[in-house]
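Report on one structure; see the data block that follows.
As written, the chain order gives the labels A, B, C, D and E, with residue 1 at the start of each chain.
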Amino acid sequence: MKRSRRLFRTRAVKEGLPPGTLVHLGEASSEEVAITCFTYTEQSIQEQRTNAIDSFLPPNANKGTIWIDVEGVHQVETIRHLGESCNLHPLVLEDIVSTLQRPKIEDYDDYLFLVVRMLIPAQDGDFSTEQVSLILGKNWLLTFQEGTKGDVFEPVRERIRSGKGKIRSQGADYLAYALLDALVDRYFTVLEQFGERLIGLEEQVSLHPHPRVLVQLNEMKKEAIFLRKTIWPLRDVLSFLQRDDTDLIAESTRIYLRDVHDHAIQAMDTVETYRDLLSGMQDLYLSSISNRTNEIMKFLTVIGTIFIPLTFIVGLYGMNFKYMPELEWHWGYFSVLALMALITLGMIVYFRHRKWL
Amino acid sequence: MKRSRRLFRTRAVKEGLPPGTLVHLGEASSEEVAITCFTYTEQSIQEQRTNAIDSFLPPNANKGTIWIDVEGVHQVETIRHLGESCNLHPLVLEDIVSTLQRPKIEDYDDYLFLVVRMLIPAQDGDFSTEQVSLILGKNWLLTFQEGTKGDVFEPVRERIRSGKGKIRSQGADYLAYALLDALVDRYFTVLEQFGERLIGLEEQVSLHPHPRVLVQLNEMKKEAIFLRKTIWPLRDVLSFLQRDDTDLIAESTRIYLRDVHDHAIQAMDTVETYRDLLSGMQDLYLSSISNRTNEIMKFLTVIGTIFIPLTFIVGLYGMNFKYMPELEWHWGYFSVLALMALITLGMIVYFRHRKWL
Amino acid sequence: MKRSRRLFRTRAVKEGLPPGTLVHLGEASSEEVAITCFTYTEQSIQEQRTNAIDSFLPPNANKGTIWIDVEGVHQVETIRHLGESCNLHPLVLEDIVSTLQRPKIEDYDDYLFLVVRMLIPAQDGDFSTEQVSLILGKNWLLTFQEGTKGDVFEPVRERIRSGKGKIRSQGADYLAYALLDALVDRYFTVLEQFGERLIGLEEQVSLHPHPRVLVQLNEMKKEAIFLRKTIWPLRDVLSFLQRDDTDLIAESTRIYLRDVHDHAIQAMDTVETYRDLLSGMQDLYLSSISNRTNEIMKFLTVIGTIFIPLTFIVGLYGMNFKYMPELEWHWGYFSVLALMALITLGMIVYFRHRKWL
Amino acid sequence: MKRSRRLFRTRAVKEGLPPGTLVHLGEASSEEVAITCFTYTEQSIQEQRTNAIDSFLPPNANKGTIWIDVEGVHQVETIRHLGESCNLHPLVLEDIVSTLQRPKIEDYDDYLFLVVRMLIPAQDGDFSTEQVSLILGKNWLLTFQEGTKGDVFEPVRERIRSGKGKIRSQGADYLAYALLDALVDRYFTVLEQFGERLIGLEEQVSLHPHPRVLVQLNEMKKEAIFLRKTIWPLRDVLSFLQRDDTDLIAESTRIYLRDVHDHAIQAMDTVETYRDLLSGMQDLYLSSISNRTNEIMKFLTVIGTIFIPLTFIVGLYGMNFKYMPELEWHWGYFSVLALMALITLGMIVYFRHRKWL
Amino acid sequence: MKRSRRLFRTRAVKEGLPPGTLVHLGEASSEEVAITCFTYTEQSIQEQRTNAIDSFLPPNANKGTIWIDVEGVHQVETIRHLGESCNLHPLVLEDIVSTLQRPKIEDYDDYLFLVVRMLIPAQDGDFSTEQVSLILGKNWLLTFQEGTKGDVFEPVRERIRSGKGKIRSQGADYLAYALLDALVDRYFTVLEQFGERLIGLEEQVSLHPHPRVLVQLNEMKKEAIFLRKTIWPLRDVLSFLQRDDTDLIAESTRIYLRDVHDHAIQAMDTVETYRDLLSGMQDLYLSSISNRTNEIMKFLTVIGTIFIPLTFIVGLYGMNFKYMPELEWHWGYFSVLALMALITLGMIVYFRHRKWL
């Protein structure tokens, strides 16, 4: 049910509102919004964690690359202020706070606007998603995360801080790539977890087919639909990034984006394989359940059938007719016992011959 | 059945009529057609509600933006008069009054002709649709609604009256966008309602699988087909609007249309998800029903099987043979009782061991 | 079976014949071929019904628009003569008389060759098809109909005769459009009839599921396949006509052809919806049948199960052991009756509790 | 099984061989390879049947059109010799002798290389296939047939010999068309045969559903897969021929090729229809079988249920209690008989009322 | 289960690592990496097998064609060193050691990077895969194989050594083709093996339907999914190679690549056919199982039904009523026997007539 609810959340509450109205859609949160600002060149690096973002707005180009990361989008005023400072289109701001967006990319000439979804594995093998919006300018990058409790970007921050790799020597486009790469890599963690559960379920299907297995199969099918919904549009986003001739993305970065695109296709492939396997498992479950029931019924029916003529015979000699010659015979009882043993034997042989027993 | 009828309505009655013949297709209505005319610039706003539309025909460009909204298309004479005044193509008029159109867009150089469908949620979770035709000229917009009892455009009218937002400073193309946006937003209300019913049904499927649930599933499947038919072609309409190089739509408006297009894709996605879920629920229902029946049959057959040998034994000692030594024994009766208790026990143990009980 | 035969007719008989060989494929007919020739300008109109077509061959351009309509294509000699006079390609003639063509369009520079299919509703809700070939030249149109017993073109002829509408002021391309429009409009009549039968069947499925319903479902599915085969390629034909830059079709006529194209898409949509509904009905039928049988079996098995211990008890006291103390008790019989009543009651309560009864 | 084998034949045996190695794949044959050479212009015709092909190699252009037809491709030396004389690419020769090719077309600038498959109807309604390779040069055509026992090209040879039709006045491209046309026409003969068997099976499904019908259905499904595999790629071949701007094919011939393309689409359509019908028949079979079994089980269970209380009653009065007042009554026996008749009647009425009987 | 695990392996372990990090994904191996270097021109050939590759790095163009083949990619340091010497992009190196790549092709201007998968048939009809990466430069080719235990390239090496065929006279592009050709040819060996198992299973399905057959069917379905995943993307790789205008591939080689592409399509076709057949077999299995069970149940129920009235009759005359006239008759017993014989006969005749026995 929970899964279904998740699949059903829509933007229905926004009916009647003018475009560009900032309404936070998603789970309410009372957490403080955290804003981190990285300013770096190949030589220098400055990291600020603040709630007052005015000091570094609008992102100033001549100081190197600027990355402003906003964790939490439920305080619409902060978003509006930031948006106005950076001269963002009202629809972009609206999409940032409406955290039920489908992954997409939009080109606003001066900047690219990307919406993607982060997968967050939960303890019980389940997972949740969180919207991440990226706005990529000439040498600045804004990122907006739905949640405030940690993300997959920490390794990227580490790399910026330490100056390892080529991240500091590249522009904002490479930074955007690095974040997308971290995000897609996380998908595989969730997919692997999903795969483990699937293998567990597969064992249950073949060894202990039980109705509750079917419910679990159905739940996993819904999760696979959900994963598909999350990953599928990402492919278009990444293929757009790779192909488009916007000059916001350097040629050298495109090669890296091709790599992420490739990973997204791999992830999608894996989800499709899961769906195929789940559907195969359902077939297997249904037929093994039906097979098991049939086996039992067949066995019992065969047993019952063996007794049917015996019961008839004992009923026959339970009749109270005055004149029934067999009843008078001294060996009558034993003959009947012998006869019944014979019949039983004959039927068993016959049923075995027909492979019914 | 009602749903089926709705899906089957066709334009069969028009066979043999020449093109451009105005015949109202759809539910007959005796309501008066209501015509509202908005004329506005950024500074001024004039709203007229009238039945005589001659006064502001043809829409005159130099006074700002003109929006003529016709509620009710069953009075074909009004439509014909309006069409002739505005120099509309006969086929456009024909489509306006044939309220069974598929959403579409047609470019007549001087104006764009759009047909879309409005969803109207009903009390019982059901919904109906209504055709809305838009004709977008240089600085005028004609809209034709099938029904006369309220619409989703009221918030837009409010915005025009109050002058809030940028609607009054933009042209007719932005107005068309605002109306389409309001219309698509309403889809989510209907989809959310549909989703709620679906969750309710899902609970029933897993907790109280009953044949009537299947009938409801089938009804919802038909509704999903209907929703799909309504929303799918809308995507093409919106993507046409976004891409086309007609100069009737300003570049700045295209960005907004991209947003509506995005929402339409989201709505379509949701419908597809519903279809997947409904089909999963049907599988679940069928197997839980069959499972339940099998469980009962198995239990009863096992019970029956336990009694079969017992009944045979009591029949055995009901035989009337003269010489049956056991019958003479003093403890015969009790021995047989004990034997039968033993057999029963043995079978129960066996069946439990085989996991049949 | 009849439907299957219809779906299976192929051009197998033509194996080994050289291209351009005129062999009439289709149902033989002894009817006389009827030829009607309309010659009209905006002012004048001349209608000739004849068997000797030489007088107005080849179609002469300077007299206005010429429409030669041939009803019946089984007299290959007439067709050959006509074809030679008009300088038609032998393959065109071959296709005209092979009445099992798939709808198609071919551009022969001087003229367009179209093959479409007319649907003819029958009395019993069934329908048949008839091939119609159109050859559209600069200002002449040849049409060939397979049957000789009426067609859907009468309203068009009426319009030409009366001069109503714009048909007389337009060229042969508009005439071709008018005929195609009449033809597609007829589709909706057949589709509506089909829909009516489908609703009838749907009622039967839910109220009186009977094996014969399934046979009817299967028949309707085959008819839907047949309709799909007829309508699907027509879309390509019409979209070709609309897009192609042949100068045989005026720009103003293209707008009308777009309208017919639209109707063809609507018709196709309807067929697809029917297929979805039929498949939903089949699911519903199968599960309601299986459900009904299961209910009966369950009820009877429960009844049977209640009697099983009772029958055992009466068998028990039918044993002939010398020493069975209960048999001697004065209230023994009545105690057993009471015991059995108790058991029955207990089982009924238990089964009701488990919701089996 | 035979059908499966046919579907599974692969080129596995060629693993490890260098490209251009001539290995005959297919059924071995000890037949002599027959080579026929036609050289014709509009006025003259020369036909030679020989084993020594050197005399007319390489095909010499100035004598008119040359058609060398090789029946049997199992003598790889002959093929190699011919290939070298005509300067053919080694891969072409390899494909000619590997008779498990998928239909395809390849453009080698100087010549076109086509692989298609001929269908050969067998006596029992079954059919086999044979690879036909065509190499079309400027004014020469080489054809290679897998088998040596007759083909579908005889009518074409007849037409060349007699000079009827336009075949002698056209070039090698028209000859290639004529051969392809003959080949595709043969498909319809096989399809018609297939259709006849399908109708026969359909009758059996509805009248005598028997497990062996399902096996036959499955066999026909496999054959349909096989037909699909044969015909589907042919469409691409023919559409390539029709569109491509190679100057090996004259404009006038393209119109004829369009016709063959059309027939191939018709053939494909028919196969798809067959697949739809087969799948419908399988549904029908399964549900009619299950229906029949259910009917029997229901009937018998109802009969059994009627006797259950009767058997209980007669058991009741078979008890040996000392004091059972009913047993003493003079009319006791007859009252019980009457009671049982009443019960039987009541149950029959009840079951009929519930529509179980 | 094993198969499922294979399908589920993902790159999850790489989460959080910067791009270009060389981490070996795949089965660990302690084997020594073997490096073979071929340097050849049409006249000369030099083959070196070494662990120190520095001597011939970077591949030097003026000595003819160089092929460096690395067997084993688990020693990432070797790969890194080689990559740096050849100036390869870090992402290329990363993909080489991540042996879970999807087949793909990437154009890095100076070289083409291909990832394909080799199929390795196992003893038991099963198979495994191994990643093969190719880097094709101007006149050098690097290949990286996952495994160290033999490959399908031996025949190619033989051809280079012996100088047979045209391989030595062609460049690195032809060598790459030869390797791809060898690789794809191996697919057919695996497919043929797969096909043999499928035929075996098909026989079992029709002759001995047993639940374990279904498990095997499911396993084979999973293998088919796996094969599909391996072969499908290869088509894109080969079609890219064939079409692309990179000057790394000579025109004459493209003709050969077209041939491999063709084989890949054949392989894919075969896999699709297998999937169709497997799905047909599952249908057949399920219905033959259900049919068999139904037959048994029907037979036994019919037998049971015949005895029901007989048992009733013998119970009837087992009643202890004082006055039961039949009991007194001398021929009573025999009359009842005769009556029962009659009833039995009547029922058998009836059941046979209804075709239930």
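Quick note on the criterion: a contact is a pair of C-beta atoms (placed from the backbone, for glycine too) under 8 Å apart; a residue touches a chain by one contact, two chains touch by 3 or more.
The structure displayed is predicted, hence computed values, not measured ones.
The minimum number of touch steps separating chain A from chain D is 2. Two copies of one chain, chain D and chain E, touch each other, and the residues they use overlap weakly: the shared fraction of interface numbers falls below half. Centre-to-centre separation between chain B and chain C, using Cα means, comes to 26 Å. Inter-chain centre distance (chain C to chain E, centres taken as mean C-alpha positions): 42 Å.
Residue positions 290, 297, 301, 304, 311, 315, 318-320, 324 of chain A each touch two or more of the other chains. Taken in their complex, chain C has these residues touching chain B: 152, 154-155, 159, 164-165, 167, 177-178, 181-182, 185-186, 188-189, 191-192, 195-196, 198-199, 202-203, 206, 255-256, 258-259, 262-263, 265-266, 269-270, 273, 276-277, 280, 283-284, 287-288, 290-291, 294, 297-298, 301-302, 304-305, 308-309, 311-312, 315-316, 318-324, 354, 356. The touching residues of chain E, when paired with chain A in their complex, are 1, 4-5, 7-8, 10-12, 14-20, 89, 91, 94-95, 101-102, 104, 106, 108, 211, 214-215, 218, 221-222, 225, 229, 282, 286, 289-290, 293, 296-297, 300-301, 303-304, 307, 310-311, 314-315, 317-320, 324, 326-333, 336.
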